[in-house]
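The data blocks that follow each hold one structure.
Below, subunit A partners subunit B and then partners subunit C, in two separate complexes.
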Partner chain A sequence: MGGTDIQIAICGSAGDGTIACGDILNQAMADAGYRVIAFDVYPPEIRGFGECMARSRISDRAVHSMKESSDVLVSLNDAHAIAHVPEVHDYGAVIYDDAPVTRLHEGQHISGHIKPGQIPYGLPARQIAEQATGAAKARNMAALGFLAGLYAMPREAFERTIRRKFATKAAAVIDDNLAAFAAGYERGAATFKLDLVAFAPPAAAASGSRPVILSGNAAVVRGLLDARLETLFGYPITPATPILEMLAAALPKHGGRFLQVEDEIAAAAATLGAGFAGARAATATSGPGFALMTEMIGLGVMAEIPGVIIVSQRGGPSTGLPTKTEQADLDIAVHGGAGDAPRIVIAPTNVEGCYRCAGKAFELAETFQVPVIVLLDLYLSNRLETALLPETSPFAQGAGKRFSPADRSGPYRRYALSEDGLSPRAIPGQIGGIHTITGLEHNELGRPSDKPEIHQAMSAKRHRKLAAAVDFPDLRITERLGDDGPVDVGVLAWGSTAGEAREAVERARAEGIRAAVLKVVMLAPLPLAAIEAFLADAREALVCELNYEGQFANLVTAATARRLDRLDAVPGVPMAVGRIVEAIRRLAGREAPRAA
Partner chain B sequence: MAAKHYVIIGNGVAGNAAAAVIRERDAGGRITIVSLGALLFYDRYRLPEVIEGQTDWRRFLVHPPAYYEDSRIVVRRRCRVAQVDPARHLLTLGHREEMTYDALLVASGGRGHLPMALSEFAPLLERFDSYRQAMAVAAALGADGGVVMLGGDIQGIAVARKLAAAGHRVTLVPSDHLFWPHRVAFEAYPRYLAALGQMGIEVVEGGAVERIEATGEVGRRVVMEDGRTYDGKVVMPYYGLAPALDFMAGSGVDTERGLLVNPELRTTDESIWAAGDVCQIWSAEENAYRFYYGWTNVKAMGETAAGNMTGGGETFHTFLDERLAVTEAGALHSSFWDYER
Partner chain C sequence: MTTLKEPIYLEEKLKEIQESGRLGYRSRSLPTWCPGCGYFAITEGVASALNALGVAPHEVVIVSGIGCASRFPFFMNAYGLHTLHGRTLPVATGVKLANDRLSVIAIGGDGDGFAIGGGHIPHAARRNVDITYLLCDNAIYGLTKGQISPTTELGFRSKIAPYGNHDAPLNPLMMLLAYGASWVGQAYAGDPHHLAEMIARAIEHRGFSYLNILSPCVTFDKTNRTYRALDLAVRHLAETHDPADVMAAMAEARDRDHPALGLFYRELRPTLGDAMADIARLARASAEDPVVSGRPAE
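The block that comes next holds the complex of A and B.
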């Protein structure tokens, strides 16, 4: 296939400016009209330790995952980058600093590790930065400039991005970064290019739309704001902190408020409190914080209070792997807490989905009067991706059955046992809407009751009312991609891994295997009809997910009794597309095609 | 016992021939080739194909990348050797990495010699020794650009005939280096010059070059001291070769113009050998050190040196009858164009 589909990896140590380089690359290439998907890996320490890796896949068409191998590796720190040299494929490039300041023993320089099929490019990045700015600090910009110049990337787009990125810094910071970038660019442009990496001009954007590049977290923020979030409560935790930071800055401009509370229990409680009061309220957290919220989720379920909880999963249990991705909080999201506590759990599969799910979560929460958990993972939270977002908000306001005094006959029955399980919700202050709310089991009026028939009826109500969630309009609860009709292998995927699964299915289909993928966005309640229909078409079924226990596969198996093949892994990074392809081949009884 | 580390400076015919022999003779040894260039060993004699539009350098590779992995030969590309310290068996690379060796082969070849008087015009000159240079020449020439060749050593004439055959106008301004390294009798010159004409190379009167200019439309202009001018898209100097051994300065290993080696190709340091255009080999017959050129000789030198580095005791003897001739078709032929066999 022709066109542009290039992955660039920039590797350094914390403090080298690796992530900043990747960010500028992503923003600039998106600005120039390319589709970008990017994901950074960094250590939990703030500076001076550990490996940072910024990977960017730049394409002229929509892409759904990171590639397994990179076309170009830029080393800002050989000690870390050497291990990543093998991920560059033959005739790809390795760019490195060939003028280090200290003497090196044999093997400490990356040039000794470059494979025969790879093309080396050395540049004196430190010297270039020093000559351009008087200091070596901007050597990352010199390296980035070299990269951009070597591949004739659009210089103006980079310069605009650098100005934007450092807009809040002193003018000298912007000037130094621009100067180092320019010096590197000229060096790169003058370098004789031998590798086979080439950027074709991007396709023109569809008329009336302009793709934007943003992270999953930023998309969540946009979705929440477009849904007119009024109050956000939270306590910082990786990888959800950026959501809090962005909304802390943005909410006041939209008439809302952010309150940092003492812990996640308070955050969840305050969210429910605001929801009870009729406000659109949310909180954002990660696994350890979410574990603390489960009691409040139970209260929300019992008291039927809307609220939105954004959970970005990271490696666990406990503090676990704060900067590594995982999908292991599905169980706690679906089942966590005391008692039978049905709630809605939705998991976007890409950045655009983050926007849509975050915004739609309020409609779901209000319609079904229940906490809604939007389940991201670190990979989705942090990755940058080109997305098409609507110019006007698509999210409805004031969803769900609301109490109206005019409809009242007799005392207000907040928890009326209706056919669909949904009962009109009053907000404090509404005339005639006085009622009791409690975490205790209650009758239709809300008054505590431990009568068995009440508990039975109310339990049924709380479950029954969610049945309609799987048909909620304007939200892709599931999406099937790939071959229609019967297939050799059907892949079930959720969350960020759906992107890898989609690419794997496309690759398998290119090998002649009939395959399809079902992206499942709503995880509770489970859209069983769609899943069963998909499984009925699949001779073999595979579930791939980033957790050790196969949590989603367990859910589906329990609901369908279908034997599923499982691909579970906890590498801390996105699942390799190749592993899924291998599993598909195995299930289809095919061998890998021979290399040309 | 630790594997012996063989380091070869130079990624050309001699270096790669040596690496292959070392691998045959020492299966467990470490072999590292240090190369200034970015590409694996390629056939530079095929570079004129670039003029014909064959621009994919992968066509020119002598071995595919897998050969080096399979043979466990590490090729350190874009690496400049800054210094050799024989006492410590240590190389220092340009990026300050230190590399130890047990046996070192210097096969760094020669680079085009440029007379001092022309050195200030170096940025305006092109050669055809590497893929990059070939691409630059092809780009500058376009479909029908002319070439002014200065000097006219036998390597230059090899390039000139290919350019002429491809339809480019080639003007040769000869110097004392005409036909170098062949030693041509005075009376033979007219026949050989006629042969050049037969090959489409216009040979003009020699003389001293005053300056070289960049001109807008024409490209380059060579201005002779007597006022003659010759225009071309590119100007290519071919004044013979100079051994590339700057990094040996201060090493204590004996050099004259090249590294001095005995017939076993060992230098005056017992752990260092040399092969190819970089070395002068002792000739008992001539009672002098002398260079041997040509693909066959260079390859044999690499193999001989490698054999001796791995414990052999072979001596080098030339395989080449140095001869300049005119073919039946009237074209010039040099025995140094032996790579065409």
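The block that comes next holds the complex of A and C.
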């Protein structure tokens, strides 16, 4: 390795401009050609004194998770930042405002908490901003400028980003921010650097394609738009709201329609209504809203109506932890609702996957005539990541068997029994395709029937038709990484935690442990053949996920009868890579290597 | 209980219907309602209204929820959605937003609309989504055998209210007027010609039209909303009633002892489809790329 792989943490109080600093840092470094992954922690309150933390990992190669320790901590508010000093490793740096606005008592100033081996840099951020702009408002830009100057980061990329970020504001706002940044930058560049943090120039991007930096939510939006989403119905809920907001603005530009409806029940209902009418329809929500949608998933399964439901999980149960991440809605996604209701559930593992899964969801929904749930979590929704998105849409239009009046013999049978369980779908406006869908059990014509042989045959149809979903092309339903062939430890992971699992497996392999990870993207139906093949290769198998009950491990164990080691946690933040490494070592019978 | 020697709809009767002008709008399924149910008249009314308006069956979508009235789509020759209890209006909104060219009729009972589905009505009304909502108000849950509903009279006794209904009934018309529905009318299943005419006018209206249809449940309500009682109670709105005057409409709607039939209120204002067209224009005119990094605001 030996290249650039640096994590910077910027910590402040709500209103300090912490997240804005992180935003500019991420955009600028991505612009300069680095690979960036960034995740912010912010309080549920909009104002007040909640803690804001913007962490950015900047690397010259693809990275899959956040680091556990940071190389640099920038404090915009010591009261919050003091607690994070320990996350800065030896020879890392702590940058702080040495002339804060209020008088601090002993112990309240961060300088008294910096540990031996950490390098402190105090700067009068407030004064620098005041001298540069006549006001203290751009104090955060002065601190950011200092950071950029100290490490000789590409100045033009920052200035471009600042101009872009404040493009809609008055010219004076742009000038003030640029002036404060410049003053901070010069101060930083003139400061003698004592720490070991250094940025090597990034490797040139391959074949003219430039990675873009965007959040999981934005990638979902781009995926939906590229798949030509036609209607989106939604009700605001953290952390899915940005999807609704972006599409409220973007969808009408692309000929689609957005409607904020009265609740999540209506959102799911209107999505199915539009799906029945032949539109590509979607909704986006989080766990509590999704719980309300389960009755409509039942209807979608029973009546075989396509629809896409994006669910970004947060801490639960109930209102739970609205601004913390968790993976505890897997059970309800796979099983939620009344009766045997088989549906498709896919969970991307990174930002690029968010794009792919959101777009592919329509092809799945139309091919299999069923609601498709795309399961994200807050961490994946909100984190920024450099991703390679295709120049032109890779998504197909109008998938699935469709009714054509020419093929008709006798009355139209909407639910005609077939070998693959799929029947041609007619949409309103088509002559000869008239039918009524119902949530009642029905015969091939769609007429209500409670005859046992019909319920048996139709239940089998609804299950059978999904069997082919696990082989759906271009979705990367499972992906094995790490060592090939038999391994000491095989790690199964889904959703965002697959990133941490992958990093952990790479670290374990660097310690000489034979290990591999299987990223499972399709969670219903389970790609059993791939999972069983992976488990057969694994002497020990570990599942790591962010929920208390081990919901994915339960699914796999129920399907394979294999007992699995479990690493379950509900910290509200991504799983610590070190914990996964420790578990792998324990299962491999290894001890931690001595510190060099 | 009234017993009829022959079912009302024999094959010959169906044939007769299908040979008349209304033929295309009735399905081959015979209604499953009790003989004498007011809903037969509504079925006939919708068929003759569609026939009069000349809407082709394959361009009609009928959306219902759960309940006796919600069985309606099965008996019509049109695209149909027999959905979930109370969810008629949001499903219908989705259909209409997906394809403006479809004629969308939402139909359901008083329990489906005002109990479990009560949260959806104000929003469909205020959005002025261009659909027709036929509310078949029999003031009872018939499909589950006689429980009280949000429009059941005070004191009505049933197995589930053995000591009499203690909750005051809602006034659907006043609610819809207050919600901002742009077309509000009332009809009576015992006056089928007027009913058919009102259904046609409701469908014709550009915007959200609400038709309250008073309809007796001949099986579970022998005392309150019977044909006999309604025949005596109903009256037609006076010729002088001005459907542009919402306060006059409110005053008429308050009279529950002598329910008025006819058009209470009508207003022409932009529909949800119009709003969507405006938004599309504004969005296309804006140069900004709205899909930025997508991170939540600090």
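One rule holds in what follows: the second predicted complex is superposed on the first by the 595 of 596 C-alpha atoms of A that agree within 3 Å, B and C clash if a C-alpha of one lies under 4 Å from a C-alpha of the other, contacts with A are read in each partner's own complex, and residues count from 1 in each chain.
The rule we apply is simple: contacts are C-beta pairs under 8 Å (C-beta built on N, C-alpha and C of every residue); 3 or more make two chains touch, one makes a residue touch a chain.
Source: prediction; values computed, not measured.
With subunit A as the common reference, the superposed partners subunit B and subunit C fit together side by side.
By the document's definition of touching, neither partner reaches A:T4: not subunit B, not subunit C. The partner that reaches more residues of subunit A, of the two candidates subunit B and subunit C, is C.
In the superposition on chain A, A:R222 contacts subunit C only, with no contact to subunit B. Looking at the shared chain after the overlay, A:P252 reaches subunit C, while subunit B stays out of its contact range.
Within the superposed three-chain model, A:G17 lies in touch with subunit C and out of touch with subunit B [touch as defined at top]. By the touch criterion defined above, A:Q369 lies against neither subunit B nor subunit C after alignment on the C-alpha atoms of chain A. Legend: residue contacts after superposition of the two complexes on their common chain; A:Q313 is shown touching neither subunit B nor subunit C. In the superposed model, A:G273 lies in contact with subunit C only, and not with subunit B. Figure legend note: subunit B and subunit C, brought together by superposition on chain A, show a least Cα distance of 28 Å.
Remark: subunit A residues 14-15, 17-20, 23, 26-27, 40, 42, 52, 213-219, 221-222, 225, 230-231, 233, 238-239, 241-243, 246, 249-253, 255, 257-259, 261-263, 265-267, 269-279, 281, 295-296, 299, 303, 382, 384, 428-440, 447-448 touch subunit C in the complex.
Residue ranges of subunit C in contact with subunit A, taken from their complex: 29, 57-59, 61-63, 66, 73-74, 77-84, 87, 89-99, 101-102, 119-120, 122-123, 272, 276, 279-280, 282-284, 286, 288-298. The residues of subunit A lying in touch with subunit B in their complex are 90-91, 98-100, 102-106, 108-109, 111-112, 114-117, 119-122, 192, 194.
Interface of subunit B with subunit A (complex): residues 38-40, 57-58, 65-69, 74-79, 93-100, 131-132, 135.
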